[in-house]
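Once you've had a glance at the structure underneath, I'll fire off some questions.
Going in written order, the chains are labelled A, B, C and D, and every chain counts its residues from 1.
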Amino acid sequence: MTELAAVKAALKTQAVETPSWAYGNSGTRFKVFAQQGVPRTPQEKLDDAAQVHAFTGVAPTVALHIPWDKVEDYAALAEHAEDRGVKLGAINSNTFQDDDYRLGSICAPDPAVRRKAVDHLLECVDIMDATGSKDLKLWFADGTNYPGQDDIRARQDRLAEGLAEVYERLGDDQRMLLEYKFFEPAFYTTDVPDWGTAYAHCLKLGEKAQVVVDTGHHAPGTNIEFIVATLLREGKLGGFDFNSRFYADDDLMVGAADPFQLFRIMYEVIRGGGFTPEVAFMLDQCHNIEAKIPAIIRSVMNVQEATAKALLVDRDALVAAQRSGDVLEANAVLMDAYNTDVRPLLREVREEQGLDPDPIAAYRSSGWQEKIVAERVGGEQAGWGA
Amino acid sequence: MTELAAVKAALKTQAVETPSWAYGNSGTRFKVFAQQGVPRTPQEKLDDAAQVHAFTGVAPTVALHIPWDKVEDYAALAEHAEDRGVKLGAINSNTFQDDDYRLGSICAPDPAVRRKAVDHLLECVDIMDATGSKDLKLWFADGTNYPGQDDIRARQDRLAEGLAEVYERLGDDQRMLLEYKFFEPAFYTTDVPDWGTAYAHCLKLGEKAQVVVDTGHHAPGTNIEFIVATLLREGKLGGFDFNSRFYADDDLMVGAADPFQLFRIMYEVIRGGGFTPEVAFMLDQCHNIEAKIPAIIRSVMNVQEATAKALLVDRDALVAAQRSGDVLEANAVLMDAYNTDVRPLLREVREEQGLDPDPIAAYRSSGWQEKIVAERVGGEQAGWGA
Amino acid sequence: MTELAAVKAALKTQAVETPSWAYGNSGTRFKVFAQQGVPRTPQEKLDDAAQVHAFTGVAPTVALHIPWDKVEDYAALAEHAEDRGVKLGAINSNTFQDDDYRLGSICAPDPAVRRKAVDHLLECVDIMDATGSKDLKLWFADGTNYPGQDDIRARQDRLAEGLAEVYERLGDDQRMLLEYKFFEPAFYTTDVPDWGTAYAHCLKLGEKAQVVVDTGHHAPGTNIEFIVATLLREGKLGGFDFNSRFYADDDLMVGAADPFQLFRIMYEVIRGGGFTPEVAFMLDQCHNIEAKIPAIIRSVMNVQEATAKALLVDRDALVAAQRSGDVLEANAVLMDAYNTDVRPLLREVREEQGLDPDPIAAYRSSGWQEKIVAERVGGEQAGWGA
Amino acid sequence: MTELAAVKAALKTQAVETPSWAYGNSGTRFKVFAQQGVPRTPQEKLDDAAQVHAFTGVAPTVALHIPWDKVEDYAALAEHAEDRGVKLGAINSNTFQDDDYRLGSICAPDPAVRRKAVDHLLECVDIMDATGSKDLKLWFADGTNYPGQDDIRARQDRLAEGLAEVYERLGDDQRMLLEYKFFEPAFYTTDVPDWGTAYAHCLKLGEKAQVVVDTGHHAPGTNIEFIVATLLREGKLGGFDFNSRFYADDDLMVGAADPFQLFRIMYEVIRGGGFTPEVAFMLDQCHNIEAKIPAIIRSVMNVQEATAKALLVDRDALVAAQRSGDVLEANAVLMDAYNTDVRPLLREVREEQGLDPDPIAAYRSSGWQEKIVAERVGGEQAGWGA
């Protein structure tokens, strides 16, 4: 197989999971702008996600958020998905939208609140059993807003205890993916603020606990690809929540704010052996002002383009330049791949897969948008918390 | 008058405006936690604000937010306030909570949206005429989320045009206070992102246009006291929106995150001649998880403490050390004031004003909290956007 | 002329000034790593700069730094330059490397130090008269390290007074370019910390005073293209000091850290009418660990590539999408240009100009590097401060 | 023992190690300002450090930096120190000031450079054997400036290998303290950029490897007290390098930039059981523009004041408020201690120890400064790298 053929083959194996909640309305604390045609049910979210997969070919699974996507019959939901060509993916827990969680969930000072939070996580594993999902993705909004508000260390003890109980409940083929976040909604301490904290907990929990890197969850200037390289070296990278940001956790389309960073991340994934199903590639974004389905299609394409460029890096030349200490040449080898226009290559890949080479245009002309705007009238639009 | 007497006298003249919206519920994009006893009407917000003034003695005015505090009869509202010992303060406009404002308000690409926004601002001046408010405080959520989304420069042209129309409408004793903000809710460009942009617009508008410094609206590491000194030197500091932050626009209680910074800001205010009614001291905070009225009392006290420390700086000794180039001594003179425990002094000031020396304790034992929890049942709690 | 021909024509007019000091050694506070073949005299720096122009065709001028490039006979220096195909460019002042400047230069508390600083600046204008340079570029290391160390506002007064004296001395065709910087080497206040401060001073000085944007001199997250758009709108953008950074003022090769940002900046330059000789494009970088001449060639090429992409933006399509409020389409139009591989186009441009299409390879095979390594033995290597 | 007596007793046990290099000249990449009376030898640095201990009573040890403090006879150096009332403390390695280290030291691509670096570290352990030092403090300037320059993961492998060799060489009572730093002098990747990386390496090395927290080595906004709490919980906090910063690694006097943060850190130290000799409290600062010895005295006092405030926190009241979920009261309990003026208490502590209550004034009137200015003429002043 030629090198280019190998690149194409690799691109065809790529899978980017899209999140059910990105199809619904979202916003900032100032305003949630409603859009026409937004799904009103978990099923309608899956319908939209199936469109993204239909046009890109690399978005075969859909992450669920509990309780936002709670249904009576998960087997039926899974069947609904498969009928449309997609599958259910990771189960995302939610321990931040009840009034009980004002001071935290799994780390809260009140034991009854902690019990409620852990019970919710256990319920999520039950749902995983029902849906066949392999990954439980945990993000905790827990933290404090004021110095002194709570005991930093005691909260870590509570976190460890709660995670251990959930870990025990996991089945043999199930994983716990622990996400960290620099800040928000807590504004003084966050209980899992950085990869080091997530890593330390996962290490103690065991092999089924892995760290998730959300690309918007770091302090300004943080070198994310370094973290990716380090977690892969430690065998603890469970996956990504992709999005992009200029400032904080802006949740813009992945690749929109700093496409070069996304390329560098994908390069470290590939170099570190992380381009496998063991590392989950998921989107976690908010399309506050732009049309949602095409924004997600575009995001998937951005991941593809960064991956294609990363696959094109001439690694032999790179290693040779690095070993010889030629700073400029090593940088040039990397930039040579980045500066390549990979869109023609990806159009070819799509055509070889029987897809339209231009997924955005294909979606726009498919009539789906007009259809959902016309049909999804009445009922309550899905949104964060809905 | 002894020096200490002068400090006390100055502290007695201080006035901190509290914002009507801080008495209502607020939150993050993830969750608004409801609290018991929260006001349901503009009148109830004023009732709460009157409590803050009753116990601190330095919070005589209340800022309104339109349309959140829209009423039929502003004269009656003003009378309601005065009956309770407070007055109506600045009018804050709101051009971010209608679906029309998805792509901006006064800077939006659609002229109809801009017209609507400017009309709202003009209406705010009408309300100022009715309430006797002197200041129109303008904060625009305008900006873009994605590179290319709109034309950066054209948006400045639209902004200038809209502001000019509103400026023309101001009465002789009315001012326009223009606020800037680093980011949020826009995540790529913000149309008034820094003091320089606000300053440049105010300069062209004329003397009645002044800049407002919100202490949470800067890039990480920004030296806010430098901006205060500069704006005072330029005659363009109109006032403050006080709050504090560890990360972004966290809107914590002023003085909670970095009390030393608040002291330095107050020192520059005093040194630059800004401790006058011409510079408006306003709070703009969100009490997401803590009790609202005592949080505002505490915030007012934090401003008092920082002011007291700033007033205690031995300016002769400071200037002497600065002129002689003695870095350590100059720093020591400033720190000597900062390290002073001014709480006994402020207790004395309060007693001399006939107030309880401990406003928090006095509020807690006043029965007000129990009263509003019991009485404010039913109806819709006020909140951001409510 | 076709559109592509117009793009090529524009690229051929581009001029990027290289700084004499980038050819000498530089480093961090921890270490300056010496390189072989580094210039020992201003003349040898010009020799190296001439190589950059010879291979790129768009680096016709060289910025001088006084006193680093001080010579007896500036006419002879100018002739030396012209003999090698380049010209002398902006004069950069240096008021930070004498022990007298420990507490500042033009803003120092000691009037004798201020006098010395202003005299140096006046001497720089004398040198401009001798060299024919049009631009005096001013960067002040002035600031303080500790709260209280000096009076923030008094320092602004001193700055204004010193600048006014220098401004008066400028000839009819000479400009003063005032640079701002977020921090370093001062760590508490910096006397010209942001574009707003530089702008306010330039505004008072007059039309010959303009602001310089150094791309490494901003707070984390600052939107530089917004500043560019604003300064162009105000008629106050004098030029750029190009470099790139991941953290602070890292002074890496321009375009190395965030090529997408450089593209966005160049787009605003072009859109705002700033792609003219009135806006000076200068490099200001430190090549601490990489070979210097090829690093500068690469930097010039990076500016060319960003410019080419910015010129390729379909502005009609962009404006149409912006006006219609199509966020995704407007972003896509911009990204379409950015994602284009412009290296073939630039190779063509170079060939049409009689240059080698690959400047780096051409330099490497020219023998210049071997020649200077062999010849420049003994003497003292030029470096920051040397 | 009353509570206050316990606080005093604790304060009397405090030990802050001062760094030999802080007594010499330091600066930024732009300029090192020379000061009169600066030491010229390791012995003279110890003489100055002895003054700091003499006036504060809590600075009994002095950290050495190899090779800056290299001597023929370490036993004699230790005796020199003890004759003046101090002892030799931690040994700090230096693998960043040779030209060989241009591309790194222990992580460099060239095995010969790595060998040299590890040999230096082994030599440092030899010196520890000679001086009786217990701690080897490791800070690596290693990293890269450009994407692609070197292989991120391979550098981690090299780091692990080198550290393991040094760890094996440690004696039973010796520790390895591994420092992390966000950036500088490397501007793209740093090989030990955060506590997580240091922690992961220390975990594998074993019990004698511990993490050092330098308070200036974090990304903007990082919550340092959280890291302190976490490392203590993990049993991996080896010590501190104290200093303060507004921007990057400014190396200002500890407590100068954010005294509230220092207090919070000290509170977590005490709460987490870290106020013991097992956690080393060291200064690591640069006194670029201020007088060095009094700056270090002041720094030691700042640590004492923060410690005193942290010891004064009413922990029973704090825990009660935290457990009850009273956010404002819990914050108030903490602030109550912070707002206390502890200077009178510390004056008492000093008097009880037979010291002058005002160390700065006592030093100034001691004649030491005049003496060293008069005597230390000629020779080469010590400085970073000297």
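In this section, contacts are C-beta pairs under 8 Å (C-beta built on N, C-alpha and C of every residue); 3 or more make two chains touch, one makes a residue touch a chain.
Remember, it's a predicted structure, so these values are computed and weren't measured experimentally.
Enquirer: Can you list every chain that touches chain C and also touches chain D?
Expert: A, B
Enquirer: Between B-D and A-B, which chain pair is linked by more C-beta pairs in contact?
Expert: Result of the comparison of B-D and A-B: A-B.
Enquirer: Give, as an integer number of Å, the spacing between the C-alpha centres of chain D and chain B.
Expert: Computed from C-alpha means, the inter-chain centre distance equals 40 Å.
Enquirer: In whole angstrom, how far does the Cα centroid of chain A sit from the Cα centroid of chain B?
Expert: Centre separation, chain A to chain B: 38 Å.
Enquirer: Using the touch definition from the top, which residues of chain A touch two or more other chains?
Expert: Where chain A meets two or more other chains at a single residue, that happens at 102-103, 145-147, 182-183, 188, 220-221, 223, 246-247, 256, 260, 289-290, 327-328, 331-332.
Enquirer: Using the touch rule from the top, collect the residues of chain B that touch chain C in their complex.
Expert: Of all residues in chain B, those touching chain C are 102-103, 109-110, 145-153, 156-157, 182-183, 188-190, 193-197, 199-200, 203, 218-223, 225-227, 229-230, 232-234, 260, 264, 268, 271-272, 318-319, 321-323, 325, 327-328, 330-335.
Enquirer: Once bound in the complex, which stretches of chain B touch chain A?
Expert: Interface residues on the chain B side: 26-31, 33-34, 96-97, 99, 101-103, 141, 145-147, 182-185, 187-188, 220, 245-248, 250, 252-253, 256-257, 288-290, 384-385.
Enquirer: Using the touch rule from the top, collect the residues of chain D that touch chain B in their complex.
Expert: By the definition above, chain D touches chain B via 220-221, 223, 246-247, 256, 258-260, 289-291, 294-295, 298, 305, 327-328, 331-332, 338-341, 343, 360.
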